[in-house]
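Two complexes come next, and they have one chain in common, chain A, joined by chain B in the first and chain C in the second.
Presenting the complex of A and B:
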């Protein structure tokens, strides 16, 4: 196994109020594996934490929590997973001490940097404008003591040739190059120390399609020639479809689904992946698409349980509806759509985490009816477990949410969605 | 039917310190009424320059040596073109700035009111220190203040009896626009129809609530000064000089009209699918997500019922799921609004979804124009063919890049600008610039391969 990450989390502290402990949960409990010589895609919207995962994997950022094992033999990995399942701390530590990237000091990490490298998104800012291309390309070779300065110069010329640039470019500066040429230089720099793992952080999103195609073909050629493992981080699903074998789909800091590329892209299982795939415009096809309502969530206060539930078209009882979410939709119904039935004077408010009080009406029958009628459209109403009446108000109780886990789906895929959990999910309604 | 806009042989050059940059080299394009036209091409091929050129928004170092932009039988670029013709090579940006000031004055009744633009990057085109409602309202206040005044006046004139009649009319005709318009004209209530129709077409509130809202449109109280201001603005169809120049008076005018602008902003945002618009109008751009910002910018562009809307990369700054929302929105407004659209994008797949016709640009020229289906399934120009084959698909079919780079526009290749990258180039391509050759009934292609076919 090239690299394996378990429970990887990265919380960024937020400055603000006095001694504030708020943090932005950019990556939360992410597991990811890349086999030797495998290309794995990581897709997601901007802000879903995919770049953060890439940086945490090679410790350009230090993760808050989790474990990253690098270049570990499969037998050891199997043992590690067994120990992890049994929570055997000693055995875990013994294996992790040898393979963990997170337990290395920065000086121990330096030789390992030869083996893993990264290509950044924007080739206009990732190349030092004051260095010649030859110096840019030899810099990682020198800083990791991969070879001597003289050898590095020769190798830089070879690498320029390798990525399809003429050798006389070695004396040029980045500003003389076009975007595609710069990205070629960035790739040459990344492969200069013969790495086993390459992290590609949006390698083509700053480029035109015609140039993007060249870069994709270059990457594919290098991968086949040297057998480099790659993690391809991108928001462009078609790019993943072109290069990767496995795909991880990320949303709001969590992995939502992963599996074989063909299966995930052609027959997505998770509701988010389905919506994502239907959003991709395809030339010459008119499709019915699922347009997601709303925007990606605020990751400082992420939604309860499943992070996708507020936008999910098939969310149900236990997906994590909070009282606030239900109140907002109830208010809209009682004071808007069904204004004619309830009139003025209805007031909806939360009472604790799981209860809602509707002041001004005791007509539980009507409320239950309209909840039953609207809940296919307005999914948050599914979270309502029971409607009670007191002397002057109506009480609404909500279901307890269940945190989703990665559940195995058909053909070796894993999906983080309660729809794929086996066993009864919804406790029988008590009213 | 006549065209909404016609661009004839438009040339644009930028005079820079490092030489003459030939951004546009003879663009010919017609935009039919009610049509959605897409412009595609690599970056640096002049898509945005063309959009800005139509609006005369190019910076002072841009000259128009040749060409016309004909809108409503008027040439929008005749002033700067005459200047460029007069001075030839002795072009001076400083003098051109003076010309541009005159152009701006001449364009004032057109820009924003009859031709409007959605700029790239909504974060930079919105003002970060002003609330959303103010920015949407301002675009109406600046371009068409009489519209706001009419709305206030209509509300103050409407009696409870008249609004009750209006409600029953709406119920009887199921919100028919022409009959409501007629009703408003008969009772001298111009301005109330759009407010009533907006309330009526809302899907999210109960009918009795709608009725209440429409009945609340009557009898807006106004004091003497306000009444006088509103009357004057309605009669003059704009803000007369004495209302805009006299210090204290101008502030009152602004306050009265901007209050109405905010109200209209709320209506516009709601109709573009923003929930809780009354909360959103008080927010600042940084509080909104990318998709919401894009909706706000589109609302500003649509605020004055323009005839042409130019959208420059409306979805490049947003994610696919938000892009899908915006595309659905554009598809919806193109049926509900009587405007023509020019959509500029580097993503052919986006254009394929919303456009009737697509024009492909390369090195400052249109190399191919055709209806969407034709261009995607039977592309003629080699550049179009290669551009389409470079797009990766979900099936992972092999992609081919186009060798070489976009040419340096300071030294455009002779003949067809694409010949250095074209696998089919022959002698004539290197020497003679290809003309637009018609192909079939509605396809134009600028390539010598199709000469005599």
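Presenting the complex of A and C:
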């Protein structure tokens, strides 16, 4: 196994006036594995935390929590996972001490830097404008003491040739190059120390479409020639479809689904993946898009349980509806859409986490009917478990949310959606 | 072989730089005037006799006492072939006359040297403070920037005068006072340049390549911070001369120090303006302006040379 991450989390502190009071949960409990010589795609919309995952894996950022094992034999990894399942701390530590990237000091990390490198999205800012291309490409070789300065110069020329640039470019400066040429230089730099793992952070997003294909072909050629493992971070499904074998789908800092590329792309299971794939146009077909409502969630205060539930078209009772979410929609119904029925004086408020009080009406019957009628359209109403009446108000009780896990699907992939929980209550939405 | 191609590459670099600079005509004029100033300063330093300058460190000859037989009692002479810049009388009662051209030539050496000294030392201190503060950030940044704020909050002329009256009014102390005023400017500039460079992904990719902090500062931050700072230095040399000749003019240098400095000379010349003698004030002033202007024009040209994006 090239790299394996468990429970990887990165919380960015938000600076208050004096000290940080809250944190942005950019990546939360992410697990990810890349086999030797395998290309794995990581897709998701902007802000889903996919770049942060890439940076945490090679410790350009230090994760808040989790474990990253690098270049670990499969037998050891199997042992590690067994120990993890059994919560055998001693055994875990013994293995992690040998393979964990997070337990390395920065000086211990330096030789490991040879084995992993990264290509960034924007080739205009990822090359130092004041360095010659030869120096740019030599930098990783020199700082990891991969070879001597003289050898690095020779190898820089070879690498320029390797990525399809003329060797006399070695004396040029980045501003003399086009975007595609710059990205080739960035790739040459990344592979200069013969790495086993390459993180590609949106490698083609900043390029013209015609150039994107060239860069993808270059990457594929290098991957096949040297057997480099790659993590391809992108929002472009077509790029993943072209290069990757496995795909992880990320949303709001969590992995939603992962599995074989063909299965995930052709037959997505998770409602989010379905919506994502429906946005990809297919030639010769009429698009049937699932348009998601609302915006990606605020990651400082992320949604309860499943992070996708506020936008999910099939969310049901236990997906994580909070009292606030239900209050917002109830208010719209009682004081807006059904104003004629309930009139003035209806006031909806939360009472604790799981109870809502509707002041000004005791007509539980009508509210129940209304909820039953609207809940296919307004999914948050699914979260209502029971409607009670007191002397002067109506009490609404909510379901207890269930935190979704990665549930193995029948065909070898894993989906983080309660719909796939074995023995789950039958989701009314799917009928 | 490698060294041959390398030196050739370096030579091509220089030639390109020269070309870019020479294509800017006003910058070339600036450079020419600047070179005249530098040449004068250099000659007065090593061989004052060539220019006919004697006693280069003082306004008056050391043995200058009560009389100068050439022109006792006469009024200052207007510019003529004998005295291109005219003459001035030293002392209100006409103790003797001095050739203004000679005086100006002596003063240029001191003014040029002092303005370079102030700006270079100030820029060195300020840039180091700025880069360290910008790169390491956090509490160090806060602490250093609040200190520079303190220096910024006092109007610079007042601060310079205050420093002068505390540590004494001499030429060297005036330079020190101005360095104290000048470094915070560079600290802010260096910090802002560092901050914008630090966020570029090539820094991140240097970290991914295993480069340490020092290497990142010297290989990546400094080469991107220094060129704009150099341009700023070349522009500031023209500004600082205005400020310290102002200080000298309003009397920072005590009049009995007899330092040949353009502002001080103009200050002596002020005594004669009331009599309708314009040259003792206008000429030193014009020389200051010329220097300031030339340096600014040159700085503009340098900016083109230093920015790799403007040279292709």
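Just so it is clear, the second predicted complex is superposed on the first by the 416 of 431 C-alpha atoms of A that agree within 3 Å, B and C clash if a C-alpha of one lies under 4 Å from a C-alpha of the other, contacts with A are read in each partner's own complex, and residues count from 1 in each chain.
Everything below uses one rule, namely that a residue touches a chain if its C-beta (ideal position, glycine included) is under 8 Å from a C-beta of that chain, and two chains touch if they have at least 3 such contacts.
Remember, predicted model here, so these are calculated numbers, not experimental data.
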item: Combined model on chain A where chain B meets chain C, clash or fit; value: fit
item: Partner chain(s) touched by A:256 [first = chain B, second = chain C, both, neither]; value: neither
item: Per-residue contact with chain A, leading partner among chain C and chain B; value: B
item: Touching partner for A:191 - first (chain B), second (chain C), both, neither; value: neither
item: Touching partner for A:72 - first (chain B), second (chain C), both, neither; value: neither
item: Chain B versus chain C as contact partner of A:283, first or second or both or neither; value: first
item: Contacts of A:175 with chain B and chain C, given as first, second, both or neither; value: second
item: Angle, in degrees and to the nearest 10, that opens at chain A between the C-alpha centres of chain B and chain C; value: 70
item: Contacts of A:110 with chain B and chain C, given as first, second, both or neither; value: second
item: First (chain B), second (chain C), both or neither touched by A:56; value: neither
item: Touched partner set for A:209, first chain B, second chain C, both or neither; value: first
item: Touching partner for A:231 - first (chain B), second (chain C), both, neither; value: neither
item: Overlay on chain A, chain C to chain B nearest C-alpha distance, Å; value: 9
item: Footprint overlap on chain A, comparing chain B with chain C; value: none
item: Residues on chain B engaged by chain A in the complex (per definition of touch); value: 42-43, 204-209, 289-292, 319-325, 327-328, 346-350, 352-353, 376-377, 386-388, 390-396, 399-403, 405-406
item: Chain C partner contacts - residues on chain A that touch it in the complex; value: 55, 58, 60, 106, 109-110, 113-114, 116-118, 120-122, 125-131, 139-140, 143-144, 150, 153, 171, 173, 175-176, 186, 189
item: Of chain C, residues touching chain A in the complex; value: 2, 9, 200-202, 204-212, 215, 219-220, 223-224, 227, 308-309, 312
item: Chain A residues within the chain B interface of the complex; value: 45-46, 178, 180-181, 208-217, 235-239, 241-242, 261, 265-266, 275-284, 286, 289, 291-292, 295-296, 332, 336-340
